[in-house]
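What follows are several structures.
Two complexes, one shared chain (chain A), two partners (chain B, chain C).
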Partner chain A sequence: MPTFIIDNKKITADKGTTILKAALDNGIKIPHFCYHEKLSIDGCCRMCLVEVEKMPKLTIACNTHVADDMVVHTHSPKVMKARAGVMEFQLINHPLDCPVCDQAGECRLQEYCFDYGVPHSRFREEKRKKRKRFSIGEHIVFDEERCILCRRCVRFCREVSKTGEVAVFNRGDRSYIGIYSGRGLNNKYSLCTTDICPVGALTSKDFRFKVRVWFLTETESICPECSNGCNIKICVRNNKIYRYLPRQNDNVNDTWMCNQGRLSYKNVHSDDRLTQPLIRSGDKQVPVKWDEALAIIAKGFKGRDGKVDGSHIGGIGSPHSTNEEGFLFRRFMRDAIGTNNIDFAVIKGYKDDMLIKEEKAANPGGAKDMTLWPSNGGHGISDMIGGISTGDVKILYIIGRDLMELEKSEKILDSLGNLDFLVVQDTHVSDLSRKADVVLPSATFAEKDGTFTNINGIVQRIRKAVDPPGDSLPDWEIISRLSKVMGYPMEYNSPEEIMDEIAKEIPAYKDVNYKGIGNQGFKVNSS
Partner chain B sequence: MAIGIVKVKRNVKMTFWERSYIPEVLRGIAITSRHFFINLVGFIPAILFGKERKIFTVYYPEERVKYPDAYRGRPILVLGDDGVEKCVACGLCERICPAFCISIQPAETELDKERYPETFTIDQSRCIVCGFCEEVCPKEAILMSQDTEIADYDRKKMLYRKEDLLVAEKDLRMRQAYVRGAFARWNY
Partner chain C sequence: MERYLTKNFDVQDSETIKVYLSQGEGYKAVENALKKMTPEQIIDEIKKSGLRGRGGAGFPAGLKWSFMPKDNARPKYICCNADESEPGTFKDRQIIEKDPHQLIEGLIIGAYAMGVNTVYIYIRGEYASQAKILQNAIDEAYDNGYLGKNVLGTDFNIDIYIHRGGGAYICGEETGLMESIEGKKGQPRKKPPFPAGYGVWGYPTTINNLETFSHVSHIINRGADWFKGIGTEKSTGNTLFGVSGHVKRPGVYELPFGVSLKEIIYEHAGGIRNDNELKGVIPGGSSTKILTADMIDVRMDHDSLMQAGSSIGTGAIIVMDHTTCMVRVGCVLSHFYRHETCGQCTQCREGTAWMHQIIARIEKGEGEIEDLDILLDIASNMEGNTICALSDAAAWPVQGLLRYFRDEFEEHIKQKKCPFTDSFLV
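This part shows the complex of A and B:
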């Protein structure tokens, strides 16, 4: 383990670590364009030049390994002068586009220009003209003039998405980033290139020009689209989500996320969100206040004799709910209602061997851990649906609409019509919610706190980024209120308190608490 | 120059004429009345016959004072000579505005300038006419006008939309020249 000195600070790093990595890990800033922690080293931008004593010339920090007794200066006059020179070269042909460039505010070229550049341009010649603003893939716009040829996008497509459609063509100041003919930058992770592009050359069609990045506040959360649980940042302005960005977590998603997950933010603000509790009145569903809706449910759960008979009642939970909500739902069904007919459905779909997982919900693992399945002779989903026609199941309480994506959903929908009483708790209007006697509007993952357990048993936090629309509430709050109305109070101030309860009851989660989860997750041995 | 105190000598010795009071009062009234009547009708020759005006009073709102070029009235948007607003919705004025009164919705355009403000609203009831927006704008697209008459009975009417804010560039040459002169000194 070499020990060396960098800016008068003594640092020990593993053998084979580069100066740049060691510096960044220790909070010392060295500007860099082409280096990316998760990509191979290219060494083409020369921005990371540092001075190493006894070396004849400045050297690039991103490709120089640390050695014992090395003395590195990252901000010596010599380095600063070289950096200003590199900046000048970078800017020779760079357009003065910042006011219209969507990268402004998170552009490395802009930032380093402030920190290391010279305020005046000495370049009096004609700037090189290149192609501006053209589509390079389904989701991506490319501006050739702004590209600084750092080749991050090329390396990403070769090494991470393994699709290799991008390359540098031509030579010298005529070189440009291009796509092999007949292809587009269309891999399932293509939008990651817009994150790693240090300038505004690659920008996302979806996000372009919607909002300036300096107006966005970021909330750390988890992508809700599949059970991989990629770490994300939710970017919000004025209670509206504008984009998700991947957040680094080396155990889960490195620094990447798939396009589908990234663009799924639109679901949160879609027009078909449920915003008020609804009750059936004839053919229609009419909006009511929470108290009224909950009272009707409490009444509906009771049989003609005024008692709750659990054996005819079933509960279908949701793999989109948090662990806390799954736990409360299970407890509500088991203890307040007195039934073991508990199950959940999860949609399956496309998967690959990078990030995208088969189960299209964030928390099927957590739902299993919270034992949202039939036990002690209870019915599973198919038995519950089958039991409707035989009169075995008369009342269902369903969270989410994943049921509708199962095979034979038409048939399921038909048989639900024979129920005595159907409660659907969901975020969006669906065929299922239209069938319900009472509809309860619930919050999406972006509108509440809680935890998801991903496919590898890593428990991760989601955090509230926006307010739920209208009267809708997080699932845990709805269940807790309903339970109180049913005469079985389970009152909590926050999901954190529920997690403490989970830790007491579920052995695999005994060491889990919000503090320990932090922003990188906590591994449990899930079932 | 040394600062000292100068004692002004006043002549308190009055003549008999002055001490008899009434005539002097009448003289005062006469002076006041003369000015009153001159002000009342004095603008007529100036307006009707274009004669040089002799009085200072301005008959607002029929008459208005020309403010100096440096004057900051409510901010307006520049409509370029090509008929397109100069603003590219870069968001800098929205960011710098200390009163948070600007809100912009950017959008993409086919024109070369790539982005433009789909909506651009200034809440004039909050604007403190500081001129920061004008100073920060990289496109010389927002300028301080000479308009000070922004009062209204309804706060909602004080939300100026893009259409209300646009002013043709040809009417703004003076301010443009002033801004260029003033800000060039700081080498932005």
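This part shows the complex of A and C:
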């Protein structure tokens, strides 16, 4: 382990560590454009030049390994002059269109210009003209004039998405980033290039010009789209989500996420959200207050004799619910209702070798861990549906609508029509909710706290970023209220309290608590 | 003074193996090296000879060869750099055209010394006919058992391949050349890793200039001491000076290091055209800093030119008489580097273009006096800060011109036009 000195600070790092990495790990700032922790080293931007004693020239910190007794200066006059030089070179042909640039506020050029640049321009020549704001992919707009040719996007597409559609064409000051003919920047992770582009060259068609980034607040959460559980930041202004950004977690998603997950924020604010409890009135469903809806459910769960007969009741949980919610649902069905007819459905779809997983829900692993399945002779989904026609199953309480993506959904819908009583609890209107006697509006992942357990058994926290719309509530709160009305109180102030309960009851989760999960997750031996 | 590199240049069909073998020493060095010397002895001999690279940087060849791993755990390669593209440089072409077998001999000996079985000759794309001549020579060497399997009955195998470039100056930079051989865009690699550990295809590689290899058979034949006796203490042997510009007899001259620039210009190259007044000399190819007429007593070797604030480079001497507009010179040179930079490093991509823009503006009569200091500052921000030396190569001539001919730049600015009547538009 070499010990060396950076800016008078004695540091020890592993052999093979670069000066840049060692500096960043120790809170010493060395500016850089082309270096990215998750990409190969390019060494072309020359912004990270530092002075190493006994070396004749400045050297790039990103490609120089630390060595014993090395003495590095990151802010010497020579270094500062070189940096100012790089900044000047980068800016002479740059359009300086910050007021109308969507990168403003998170632009490395702005940042470093402020820190290392000179306040005036010596450039008297005509600026180089290049192509402006044209589409280079379904989701991405490119501005060649803003591009500083750091080639992060090139390396991302070669090394991470492994699609290789991007390259530098031509040479010298005619160089430009381009796409091989006949192709587009359309890989399933293409929007990551807008994250790693340090300037306003690659921008997201979806996000650009929607909001200035400095008005956004960020909440750490987990992408809800598949069981990989990519770590994200939910970016919000005035209770509205504008984008998700990937958040680094080397055990889960490095610093990447897929386009589909990234753009799924639109589901949260879509027009078809359920915002009020609904009850059936003839052919229609009409809005009611929570108390009324819950009272009707309590009544509906009872038979003609006024008693709850769990053997005719089934509960279908959701792989979108949190662990805490799954846990409460299971306990509600088994203990308050008295049934073992418990199951959940999960939609399957496209998967790849990178991040996209087959199960299209954030928490199927957690649903399994919370034992949302039939036990002691209880029915699974197909038996529950099949049991409707035989009169074996008369009442269903369904959370989510994943069921409808199973084969023969038409047939399922027809069968559900024969139930005595159907409760659907969901975030969005669907064919399923339209069939229900009572519809309970629930919050999406972005509107509540809780945990998901990803495909590799890593328990991760989601955090409330926006308020649930209308009267909608998180699943755990709905179940808790309903349970109370049913005479089986399960009252909690927060999902964190529920997790403490889970830890007591489910062996694999015995060491899980919110503090331990932190922002990087906690591995359990998942079922 | 003996010419050994060019001694056969005037012989009819000197590029053929028939003539080469009939000259007495032909392929004797290969025979001696492979049958009587160990690889270590050869490398020691080259080290002792003081042979320095003829591609511009002047790195000791024997030392470079010794960097190659001694084991044969992985394939190893030699690259022969024949991408001769530095403006003013045309010496390697003469060897290819007139005596390619001495090059092939040097390559065989070098390959044997470094345990290499595959040699690439990277030849600039514009040398189309030269590539044919070279290929003929290689074919002849195969036919005569000097190349291929079991050279001269030994267990040493060697293949030589010619790779023609696509016309980019930057592919003459050693790692840009390797990228190009691999079929990639010609862009220098960041260092480390260095070619001796990570070269062509990621394997240990030694790269030398074509002329460097051409000295090797002579050193093997006649010994390091003989070679050391030619030239100066630290610049040994003869070298090829390519003289161009305003001289009466431009051409390639084989002379020992240490010969005075004055002697080359006035005796060998016949003096200035029309007996005009000498104004400036670029001593070692377009990237080296210009010298003025009163500096031509300088000796042409690495140390002397360094002391004079310039460099021997590739020994390409560009002579300019009093009719030459030095701003125009700067404009032409800076345009060249702007055109040829690969563009990956910020300083080089932007700096070469900016310098050219400013000098072109001055030449057009639209310069400002502040431009001159800006030019020097751009050059200082470019120099030494990039992956390869192209940025330095672009900065040095501008620094040189402004050092000795600043008044001429100022005159352009003052007169708001080029004072040279025959200077053409930029």
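Some points to look at:
Operating definition for what follows: the second predicted complex is superposed on the first by the 527 of 527 C-alpha atoms of A that agree within 3 Å, B and C clash if a C-alpha of one lies under 4 Å from a C-alpha of the other, contacts with A are read in each partner's own complex, and residues count from 1 in each chain.
Here, a contact is a pair of C-beta atoms (placed from the backbone, for glycine too) under 8 Å apart; a residue touches a chain by one contact, two chains touch by 3 or more.
Note that the structure is a prediction, hence the values are computed from the model and not measured.
In the superposed model, A:Ile502 makes contact with neither chain B nor chain C. Look at A:Ile148: by the touch rule set out above, it reaches chain C but stays clear of chain B. Contact with chain C, but none with chain B, is seen for A:Gly172 once the two complexes are overlaid on the shared chain. Taking chain A as the reference chain, the count of touched residues is higher for C when chain B and chain C are set side by side.
Of the two partner chains, chain C is the only one that A:Arg46 touches; chain B does not reach it. Contact with chain B, but none with chain C, is seen for A:Val100 once the two complexes are overlaid on the shared chain. In the superposed model, A:Phe215 makes contact with chain B only, not with chain C.
By the touch criterion defined above, A:Arg133 reaches chain B but does not reach chain C. Common to the chain B and chain C contact sets on chain A is no residue at all. Only residues 41-47, 49, 57-58, 60, 63, 81-82, 85-86, 88-90, 92-93, 122-126, 128, 148-149, 151, 167-168, 170-175 of chain A touch chain C when the two sit together in their complex. Taken together, the chain B residues at the contact with chain A in this complex read 88-92, 94-95, 106-108, 113-115, 138-139, 187.
By the touch criterion stated above, chain A contacts chain B in their complex at residues 98-100, 104, 119, 133, 208-212, 214-215. Those residues of chain C whose C-beta lies close enough to touch chain A in the complex are 168, 170, 185, 190, 192, 338-347, 349-354, 357-358, 361, 368, 370-371, 374, 381-382, 384-387.
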